[in-house]
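Chain lettering (A, B, C and D) follows the sequence in which the chains are written, and residue indices restart at 1 in each chain.
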Amino acid sequence: MNAPDNSLLVRQQLYRDMDPHHLTPLWEVLHALVPPRPATPCVPAHWKYDEVRPFLMRAGEAITAEEAVRRVLILENPALRGQSAITQSLYAGLQLILPGEVAPSHRHSQSALRFIVEGSGAYTAVDGERTTMRPGDFIITPSWTFHDHGSDASGPVVWLDGLDIPMVRFFDAGFAENGTARSQQVTRTEGTSMARYGHNMVPVRHDAPFGVTSPIFSYPYERSREALERLERDAPVDEWDGVKLRYVNPLTGGYPMPTMATFMQKLPAGFSGKGWRQTDGAVYSVVEGSGSVEVESGDKRWRFDFAPRDHFVIPSWHTARLSSAGGCMLFSFSDRPVHRALGLLKEERLT
Amino acid sequence: MNAPDNSLLVRQQLYRDMDPHHLTPLWEVLHALVPPRPATPCVPAHWKYDEVRPFLMRAGEAITAEEAVRRVLILENPALRGQSAITQSLYAGLQLILPGEVAPSHRHSQSALRFIVEGSGAYTAVDGERTTMRPGDFIITPSWTFHDHGSDASGPVVWLDGLDIPMVRFFDAGFAENGTARSQQVTRTEGTSMARYGHNMVPVRHDAPFGVTSPIFSYPYERSREALERLERDAPVDEWDGVKLRYVNPLTGGYPMPTMATFMQKLPAGFSGKGWRQTDGAVYSVVEGSGSVEVESGDKRWRFDFAPRDHFVIPSWHTARLSSAGGCMLFSFSDRPVHRALGLLKEERLT
Amino acid sequence: MNAPDNSLLVRQQLYRDMDPHHLTPLWEVLHALVPPRPATPCVPAHWKYDEVRPFLMRAGEAITAEEAVRRVLILENPALRGQSAITQSLYAGLQLILPGEVAPSHRHSQSALRFIVEGSGAYTAVDGERTTMRPGDFIITPSWTFHDHGSDASGPVVWLDGLDIPMVRFFDAGFAENGTARSQQVTRTEGTSMARYGHNMVPVRHDAPFGVTSPIFSYPYERSREALERLERDAPVDEWDGVKLRYVNPLTGGYPMPTMATFMQKLPAGFSGKGWRQTDGAVYSVVEGSGSVEVESGDKRWRFDFAPRDHFVIPSWHTARLSSAGGCMLFSFSDRPVHRALGLLKEERLT
Amino acid sequence: MNAPDNSLLVRQQLYRDMDPHHLTPLWEVLHALVPPRPATPCVPAHWKYDEVRPFLMRAGEAITAEEAVRRVLILENPALRGQSAITQSLYAGLQLILPGEVAPSHRHSQSALRFIVEGSGAYTAVDGERTTMRPGDFIITPSWTFHDHGSDASGPVVWLDGLDIPMVRFFDAGFAENGTARSQQVTRTEGTSMARYGHNMVPVRHDAPFGVTSPIFSYPYERSREALERLERDAPVDEWDGVKLRYVNPLTGGYPMPTMATFMQKLPAGFSGKGWRQTDGAVYSVVEGSGSVEVESGDKRWRFDFAPRDHFVIPSWHTARLSSAGGCMLFSFSDRPVHRALGLLKEERLT
């Protein structure tokens, strides 16, 4: 009866002997490497704005935008503390800029999205053009373009930063550079990009200033809300999503950035959505109204009751249900373009 | 000295002998078949609206929209009379609809564009959705979609029809079918398509209702003009084109239809453009303002002084120059998508 | 009761009055312009090689390759005589080159395919590389590349030329240029392109030497036949097509040329195919074996019994059935890529 | 002078207070998150086959293929021990199968490549078709296709497994399933896929059996070597790469799999290559011949002298130089398709 024992000893001796050669037996780890379904280490989490905002304001006192370079509180997934990540592949943070401040010019391989949460009158400058921030606007900083932020507002301005930092780190592909000037020079009037690309028309020549990234680098909330309200009134409401649109790069029909998809959706008053799950984990920013999200994975359950300016994350392959008594507007982003490009996207809608 | 004569006789006998076998010697026609540069049979032409309009009104008295099915005066290229063609590959006509009339429902392989020239309040219905026509609007009827037109206006409404009729005939690929009802049933509120696809956002699911044709089937002039005026003010003016944008299919970044490209351009006041030529012949509709176009090909020259609602055509590889003392707005369309898909597009800008 | 008469008179007066303004009433021609189904003017036709070959040989005596530039007998569709066209959009001809001859270097916008019908040892040179011709080889001359032909063979060499000449003429987009040398300089060893692109591998850099045209400019019959014979033996035979493969551009997965698709198919011995029709008209070259094709359109019927080196054409939307008692190999080409790009492709398989 | 101290204390108190809310200050980690250039944790490493092979053979005695499911020794990057990764995004291992064994059928989201290192006569079965393994063959298991391996060989067969396991784990998108039978049923004759897709021709219908993965799932070494030897003889040798080709998906012109690129290259005898670096880390398998690779990053340097069947890894943005006195053949793979899809690919060739 010591054959198994012996076999075990043989194997362990083998493991020890080959370890110095950087060899490891697959069969001891196969199940974990190729799991039957996604087993993300991430957990759902909720950041209430009335709890986060005081820390942002204290940060405003503790450090200047210029000293901080970017004065951001990172929303770290509770299960990934220390990794600056809200999902395994995405970074999210809330950035504060105070009247008169400047966050100096730099550029990097990482793509960034800004979603304006509070305050009007700050600006971001990309490729020589400034865009003024208003709540609900979705603004892009394309990969490897110089960008700086500043504020002519009378009060604090806060926005959500979404970046592909963990992804670029994972693929060992990050480059960065500081600008020589604090703020870049403005070479185009504000609104030029929107006039060139945002009216369902594009220039006859020179069509892709930012490569695979959308040349409309600012999508105003006013237009997005108009579309969603119109559809809520005139078109069927989806039982899972309410009314949901994805932002588009008008030069390709694809996502605005190669690494991140962005969405705006409206849950009508009284909406009680059905459950769904998807491989791409998603980060939400509540624009208007309140509601709740119920999340489950295996035998674990979460429920977040959200109010305007709150943020929450739904990890990969967690079943989620959205509902709203009074109606609400939600912005969200995920790494869906990567799932699609890699042939990994999977969705399931429960009925 | 009769060797050549003999050789000639031998050849002619050969030609006669093989003719019944449907064989023809290439070397007698090679130069014409493979010309050094495009030698289109088309000529430039100009239709002044104040000359055309009276005929349209007389047509309005001579036949009803319903009897005519489509009450259209075809703009025939003077060099292609009898072929219902404005260039070798494109068809253009002016359609009139009078108050209370209906142009009955049908569908066909041919793609159609409508560009509204005069009057407001008529409508076209596509795939269950009506769109109201206003001057300067660009509206699409996708290939093989039922469509009908009607008018609740108080006066006549006239639009430019642009179709790929000669092209579909050339490729022997035309199908057509009449609808069972005079007008199709309206199943969507007006503006739904624009809300779904026209705000730089698109639905998360079901993305291409018309296949390769743009799901925004109505591009309002209001939006197009806003973009062009903004760019005239804020961005460099092109020395050949003035300020020119092409309409886009937001699901692909490509042309709104697989066979026709459409453009809107603004010539600033005082614009005197440089000459250019291109392989795709183009049809123009003057939206606002007046100006002139000079065209040349070899030693032939044309000059058209155009006013609002005029139409003109610039054939392939004819050099053209646009100018305008007071500024003007021009809509145009061509078969550029085909030139591009077939690897045949060529342009030359003179300096 | 003379109201209709009067109405007719009114209309005819209108037509006369507007005719000088290049205006034509659509309603008089609408039905013909937008037919219920394709009504091609082309007819099916068959060129038996034993009838055509003597004319080719007489042409070989009547004119030199150099004087002719290209010594070709055009296969003209009997219903399109004088148009140098085998379908409305395609040109086909049989080219003869005799030992020691050269067909001098030129280039043009038109794309050309060569399909070798008889004889070995001639060559075509494209972009500095020669390729030796063997029966059944499919060779491409990409748009706007210099090419010349010559022969080191001991006997006559004949190949089928397929070009998009009528298409390029229709779109007014043809350019041409003669080379300065009679034959271009050879700068690459024969077989280099095949080694670079033909082994399911491609160079890491510089990937598209001919733009949208396949960089494999010679597809040897040996390889094509091997694939078809293997599939005839090992895979299900299609009831309409037998075993049919399309040639591919390995850089795109698309057609080898933007304007023409090419196919090789094997009908097994005893094959009696079902009928089908398609919008793209197709030209066939019989490589090996014999068989028959039955074609019908409305109440018209044709039957061609074909032998090796015969050619025949099946026009758009004509129903065809292929059969072969002893098995045969057929090469064919059509303008399918254009039908697909323009959203016009339609096929119907009868059951 | 205690202002800074005070400021520091204020900040640290802020960090402590917000920590329970899963908030972290970006400014403390920004530099590490957005590095000036890639700073991969991976290191170059070399696995000599004569050192690895004895462990493989001992594994062959210690566990059966069936018990192991896959009897593989993972090549772990020395700097990533415990992560089953050879670069941050890729997995590599050497799999052994002994005569008569079967590695049972399963499927998973992960894509796999097999590169045959030693022995002939084992097989892999994918989607009902078996392919026999020979040294130098490159074989694919597409995502989510059932596959099993077995051996009718007389001796051991060893191959390199390359998978995107770390990537799929990172994106939380892995699914897996065991087959119901030990081996899948064979439904197609061996070689059918190659006949359908591997001869620069593809079927007219049903074109993408494996979605975005190449339908040629086995690329025989015989063909690859023929191409490289031809190009070594007839075409210029690249000063960095020697003669290098990438494997292609003939339906798209892209990479064989959405997550991994594969290459075969020949270094001519006497080759002494120039240095280059690239963002994608690459894994090499030496097919024939020997040579050396010098790698540097900052002030660190490595040199590996490699012999047939050796494996080595060059991490992201490490400068490498290849050389070979007698000439050699190298297979390699990397995550380049992802770098390209995400807009992150960067290369630099030193001169």
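Convention: a contact is a pair of C-beta atoms (placed from the backbone, for glycine too) under 8 Å apart; a residue touches a chain by one contact, two chains touch by 3 or more.
Each chain and its UniProt protein: A, B, C, D = Gentisate 1,2-dioxygenase.
Everything numeric here is computed off the predicted structure, so don't read it as measured data.
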| Shared touching chains for subunit C and subunit D? | none
| field | For subunit A paired with subunit B, centre-to-centre distance based on mean C-alpha positions, whole Å | value | 43
| said: Need the CA-centroid distance for the pair subunit B / subunit C, whole Å please. | reply: 30
| field | Distance from subunit D to subunit B - Cα centre to Cα centre, in angstrom | value | 52
| Residues of subunit D touching at least two other chains | none
| query | Given which chains touch which, is the overall layout a line, a ring, a star, complete, or other? | reply | ring
| In the complex with subunit A, residue positions of subunit B that touch it | 188-189, 191-192, 195-196, 198-205, 207, 216, 219, 223-224, 226-228, 230-231, 233-235, 238, 241, 244-253, 263-264
| said: Under the stated contact criterion, what part of subunit C meets subunit B in this complex? | reply: 7, 10-11, 14, 17-18, 21-27, 29-30, 33-40, 42, 45, 47, 51-52, 55, 58-59, 61-63, 67-78, 81, 84, 87-89, 91, 93, 106, 108-111, 143, 164-165, 167-177, 211-213, 258-259, 279-281, 315-317, 335, 338-339, 341-346
